[in-house]
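What follows is chain A paired twice: with chain B in the first complex and chain C in the second.
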Partner chain A sequence: MNALAARRRHPAAIAVLLMIGLFLTGAVYAAVAPEPADATTKALPAQSVEEGKALFRANCATCHGLNAEGRATGQGDKVAGPPLAGVGAAAVDFQVGTGRMPMAQPGVQAQKGTVKFDEDQIAALGAYVASLSPGPAVPSDEAVDASKGDPALGGELFRVNCAMCHNFAGSGGALTRGKYAPALKDVSAKHIYEAMATGPQSMPVFNDANVTPENKRDIIAFLDTVDRQESPGGLTLGSLGPVTEGLFAWVFGLGILVGCAVWLGSKAA
Partner chain B sequence: MNEQDTPTTGSEVATGDGHGQAVRLDEGHVVGQGGIPERFTNPGLPHHVPRMADLDEAAAQRAEKQVATLFGISILGTLLFLVLYFLVDVNETVYVPGIGATSAANVGLGVTLAMSLLGIGFGAVHWAKTLMPDTEVVEERHPMRATDADRSRVVQVLSEGGASSQITRRPLIKYTLGGALALFPLGLVFQVGGSLGKLPQKSLSLTWWNGGPSGPGEIPEFKPLRLMKDPENQPIKASDITIGSVVHVMPEGLLPDPKTQEGGAEHLLEEKAKAAVLLMRLDPSQIKSQKELDWGYQGIVAYSKICTHVGCPVGLYEQQTHHLLCPCHQSTFDVTQDCKVIFGPAKRPLPQLKITVDDEGYLVSTQPFREAVGPSFWERGQ
Partner chain C sequence: MSTSTARPADALRDGDSAPQAPPSAAAKKIGGVAGWVDDRTGAAKPVGYLMKKVFPDHWSFMLGEIAMYSMIICLITGAFLTFWFVPSAGHTIYDGSYVPLRGVAMSEAYKSTLDISFDIKGGLVIRQIHHWAALMFIVALTVHMFRVFFTGAFRKPREINWVIGSVLALLAIIEGFAGYSLPDDLLSGTGIRAMAGFVQTAPVIGSYLVYGIFGGPFPGEMIIPRLYSAHVLLIPAILIGLFTAHIGLVFVQKHTQFPGPGRTNENVVGYPVMPVYAAKAGGFFFIVFGVIALISALVQINPVWAYGPYDPSPVTAGSQPDWYMGFADGALRLLPGWLEFHFWGFTLSLNIALGALVLLPLVYTVLGIYPFVERWVTGDEREHHLLDRPRNAPTRTAIGMAGITAYTVFMFAAGNDIMAIKLGMSINDITWFFRIGLFVLPPIAFWVTKRICLSLQRRDRDTVLHGRESGTIIRTPGGRFFERHEAGLPEEQWVLVQHDAVSPLQLEAEVDEHGVARPAHRKDKVRAALSRFYFSDAVNPVTPAELAAAHHHGHETEAIEGTHAAEIETGSRDDDLVRRIE
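Then we have the complex of A and B:
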């Protein structure tokens, strides 16, 4: 303890204490923080349109209306939930399968979250929504098989059609007024395909005439290649481009130089 | 070092001038008498504090060992560097915590080179801080001016040289030499100026949509051009564009064939940078501008993708809010209001391209852009 007490006026003491304090606070919070409440009831597996309809009425109708006709909030032209006729099973599989729906709270954009339904329930919901009006279907496993696509062509298509929002390496980026394009790292091939086909949230629709199913598979192959790519140059810093790299160089590079200069200039005794 | 142990004459406090003693920090509050002394005296160098290694031979030996260890680390780093240079294959990868899989050669060579250089640097600094004398030494600056004898000697040598070269006696040589030296830089100036290329002439106001190549000196003749998908270079059927769709468009004839890479514009990047167009389909009832409706086709509208601020590609279209966002400086354009600027530094709306469909149902332009696309320039006009 004496050794510690002797160093209490050391210039680094404040920094060390701060780090210890922050670390302890984080550790204690992680240990005692309550689990987020989950009030969703687990229904039995259901396949048919009828069972999908029952699930829909129990979980989605509050915002989307009892017959998926959409509901207004009554405040201007804001909608609580858009009408779902014609969005197709692919849209349901994407929104519910990534945990974006049911939406936890109103906001500018539905966030990716924990998936509240199992596969059978999602399929039943999709069957019900698809029965309202034809729309994009859930793609087959072959249609999203990255090994059958051409990553080079996919990369070219990605840079023209997707990179302006999702970043050249699929790291995502900001949109207007708090919305954002999410990062595409480790998103399943099926969900990437469904997002292109249905245009969830702010994302435009890339229908089969615009980006053909083969080209969609090429884009999936490209993203798969990016996911698996090693980084021979070291830290990627999130692949966000020159901003993070500049920030890193200025903060750490310059910080180390300033530290050296302080050490060189300090008196030895 | 003992010079500083006794206060130098300069550090004595001036007294007797009526403005009092210097105030020490441990005196508490002292009422001042106002005024300042005639002349501040030089406080001299601060008192020298000896270091541990100055007083204790054991500490000095410890410091010696520390410095030697740092130099030893440097030696080890250099040797390891050489070993790794020959041993590690450049294609080998290694897992580094916090970074992931990365090049083994980069990591190995980087770390050993850092050991090698930082070992020398830290060792030298530590040596200087612990063992080398650290007493402050005053070195008076010598006068810069040379002696008068040296100065007159230089002048004499120069004037003798000038006279012996006969430049003063032979004006023809003097004037031709002056002319040659004055003209010589012209060659460089013209070369640099000429390498900047042709003047832009009308090319900033024209695009490929005017009917073809639009570089300096070229005056394309207008013809309707099909809207082609980038990069596939295929024409677009109006019926294929669903509401909420976005297509990135180039004019017919600009892009080379995607398979063979043949054809296309001679100056591909320059033409692309001016002609890029974003095609969107909105519900016509949401479009508030009559001109936008008239210039589109059943809610399909085409706008220049080149930001009117500094020319970045405006590609971030939000299909629900119909905002078009420029990623460079966050200029936001509202597609329902003829791409009016609703946020950010851009000053003008994006120019719209007037389109319709041809006999086969493909989208075509019916006139070039009515105004120059992209950022402002001097000759742009209104």
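Then we have the complex of A and C:
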């Protein structure tokens, strides 16, 4: 204790105390933070349109209506859930397969989350929604095979059609009022294809006349190379452009150099 | 023999110089070379003057050195890059080793940048050193400017050097813009597109200017070679010329120093350039180079290959300029759209022009004229070679902090989209926060800074008058308790009391003794008002009389510092007390 007391006015004492405080706060928070509640209904495996309909009524109808006709909230023109006739199995596979649906709570945009259903259940839900009215189907494995696409052409298509929202490296970008274009890193090829075909959230639909299926595959190939690429220059700082580079220069570049200057300045000549 | 009588035998060798060891062969050789050069150039005198120049020691004096060395690193690495960079918008097809761009049509500028990055040995790390050094150059010159501002080093006789420094800062960011616009990748092309738009908003001459700069409609093929000339030739030449003047004036005017024992307005306490500072500064160059090289080897900057070639149709999310242009970009993001006006078939885009064309020169003009404003307000015509401690100029320090706050609001506003996605907030709310913050935060920063400075000054007074609370409680034989206050060392106290007392200028009467109105009265009134703004609540240093009173007449100190009267126990009184009891 005496040793500690003797050092309580050491110049580094404040920094050490701060670090201990921050560490303890973090550790205590991690230890006692509440687990997110899990109230998912465990539905039975389903194989058909009928079973999909049952799953839909149990999990989706609250917002989308009993027959997927959509429901208004009653507040202005806000909808609880849009009508689903014509969105196709691809939309269901994307929304449910990435955990965006069922939405935990209303918000500006459905967030990627934990997937609540298994593949058979998603397929059954998709079959039910597709049975309402024709729409884009889940793409075949070949249609989303990155090795069959041209990444260079895909890169050009990506920059023309996607980069303005999703950023040059697919790091994501901001849209108005809290909406955003999500980061595309490690998104499965099937989901990228489905997003282009169905236009989820704020995203426009890139139908086959706009971006052909082959071109969609080129874009998938480009994103695949971005995912797999080791960054040649070192740490990427999030691939967010000059903002993070500037932040790094001020915090680390200046921090280190001023540290060196203080050290050199304190050296007797 | 008259000499023998004049000098006794034991004083025969008085006044003789001691025999000196003959110079070594190497020294003879160097001396020979130096003599040869001096005979032909007369360099011995000026070089000797420079080498004997004394510099004071403080880490904050090295911030400018960081900027200087970063600039030199940019020059060295820039020369390397010119060996391979092709400043041309000529069309070509990429066939280098970066697979995702093979077969893509692009400009020769972009292709050569890709070649430097992927196909030339060491090219990528040199490119990254060049870019990181450029960022560090402007970071360092900015904090160097903060140091000079907050310590009042810009005061007479250094106003000219402050102006030169401001011009250097402005040129540095223009040089940076020209540099990061060269590779012709998607991001840099977007920057040039934005610049073209900014220039177009200049009333009347805008569109002519753009046609002049681009040699036709945007983008044309002229802009890259022209930016290249500006980046490698024109601006560096001016930068180096002004920089030489900048550092030459430091030699001529002597370096400022912080107050301390033995340091006065008339001397410089420190070590001579040769050998001490030559070694220290030379070593520091390698430290700076090493740190920047390390960062460049580990951290990627401006991955041009990821942006893809420029094409006027696409744009990427997260399109920001490098940080030093961020404040202008931020201003554009904050300016409301209704500032665009249409009349008589013309468009006046103040929503762009204010942020793009007005703000940038405005910031650097305000910076440049500050010394003259302060001198006019304070009426201080003396030379200053001793630095102010920032707390001893509370209003100046507060003005500086308010300015930095406003600049920071602009700069952070340029990253509003990155904040929105990384913090999960609405970009609209962030923009509104900054819009309101631009007007609210600087006054708050001013007020908080000024109060902190005044409090620190009061604490300095308190320390001088009553010493430091030692935490040692002493019980007298009579049963009284008191805490021992330790008086600081005289050299510590000197730092706390050395600065000049200040008071607002007194307003002269509106009419002179003959009842005639003074013509300059209105100007004087403004000046007096500003002087009150600066000095009306000044906390002045302890005077010798006050110090004596505090030490020898404990009770009278109540009149000086009422707040502390109850606990005053100076060392001398303690001693008296103890002696009396003995």
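The rule we apply is simple: the second predicted complex is superposed on the first by the 254 of 269 C-alpha atoms of A that agree within 3 Å, B and C clash if a C-alpha of one lies under 4 Å from a C-alpha of the other, contacts with A are read in each partner's own complex, and residues count from 1 in each chain.
Note that a contact is a pair of C-beta atoms (placed from the backbone, for glycine too) under 8 Å apart; a residue touches a chain by one contact, two chains touch by 3 or more.
Owing to the predicted nature of the structure, the values given are computational and were not obtained by experimental measurement.
Undergrad: Which term applies to chain B and chain C once both are placed on chain A by superposition, clash or fit?
TA: When both complexes are placed onto chain A, chain B and chain C end up clashing with one another.
Undergrad: For A:253 in the superposed arrangement: first (chain B), second (chain C), both or neither?
TA: second
Undergrad: In the superposed arrangement, which partner chain does A:165 touch: chain B (first), chain C (second), both, or neither?
TA: In the superposition, A:165 contacts both chain B and chain C.
Undergrad: Between chain B (first) and chain C (second), which, if any, makes contact with A:225: first, second, both or neither?
TA: A:225: touches chain C, not chain B.
Undergrad: Just to be sure I read the superposition right, which of the two partners does A:11 touch: chain B = first, chain C = second, or both, or neither?
TA: neither
Undergrad: Return first, second, both or neither, reflecting whether A:264 touches chain B, chain C, both chains, or no partner chain.
TA: In the superposed model, A:264 contacts both chain B and chain C.
Undergrad: Who wins on chain A residues touched, chain B or chain C?
TA: Counting residues of chain A touched by each partner, the higher count goes to C.
Undergrad: Output check: A:74 vs chain B and chain C. Expected answer is one of first, second, both, neither. What do you get?
TA: Neither partner.
Undergrad: Between chain B (first) and chain C (second), which does A:235 come into contact with in this model arrangement: first, second, both, or neither?
TA: both
Undergrad: First (chain B), second (chain C), both or neither: which does A:173 touch?
TA: After superposing on A, A:173 lies in contact with both chain B and chain C.
Undergrad: Considering only the stretches 5-13, 23-31 or 95-103 of chain B, report the one that runs into chain C.
TA: 23-31
Undergrad: Across the two complexes, find the residues of chain A that touch chain B and also touch chain C.
TA: 156, 160, 164-165, 173, 175-177, 181, 231-235, 264, 267, 269
Undergrad: Would you pull the chain A residues touching chain B in the complex into a rising list?
TA: Residue list for chain A touching chain B: 156-157, 160-161, 164-165, 173, 175-177, 179, 181, 199, 201-207, 209-210, 215, 230-235, 263-264, 267-269.
Undergrad: Within the complex, which stretch of chain A touches chain C?
TA: Within the complex, chain A touches chain C at residues 108, 151-152, 155-156, 159-160, 163-169, 171-178, 180-181, 222, 225-226, 229, 231-237, 239-250, 252-254, 256-258, 260-262, 264-267, 269.
Undergrad: Note which residues of chain B are touching chain A in the complex, please.
TA: My answer: residues 49-52, 54, 93, 96, 98-103, 106-107, 125, 129-130, 134, 229-232, 237, 240-248, 280, 313, 315-321, 323, 325, 327, 330, 332, 343.
Undergrad: Note which residues of chain C are touching chain A in the complex, please.
TA: Against chain A, chain C makes touches at 57-63, 65-66, 99-104, 117-118, 124, 128, 132, 135-136, 139-140, 143, 186-187, 271, 276, 280, 283-284, 287-288, 291-292, 295-303, 305-308, 311, 313-324, 326, 414-418, 420-421, 424-429.
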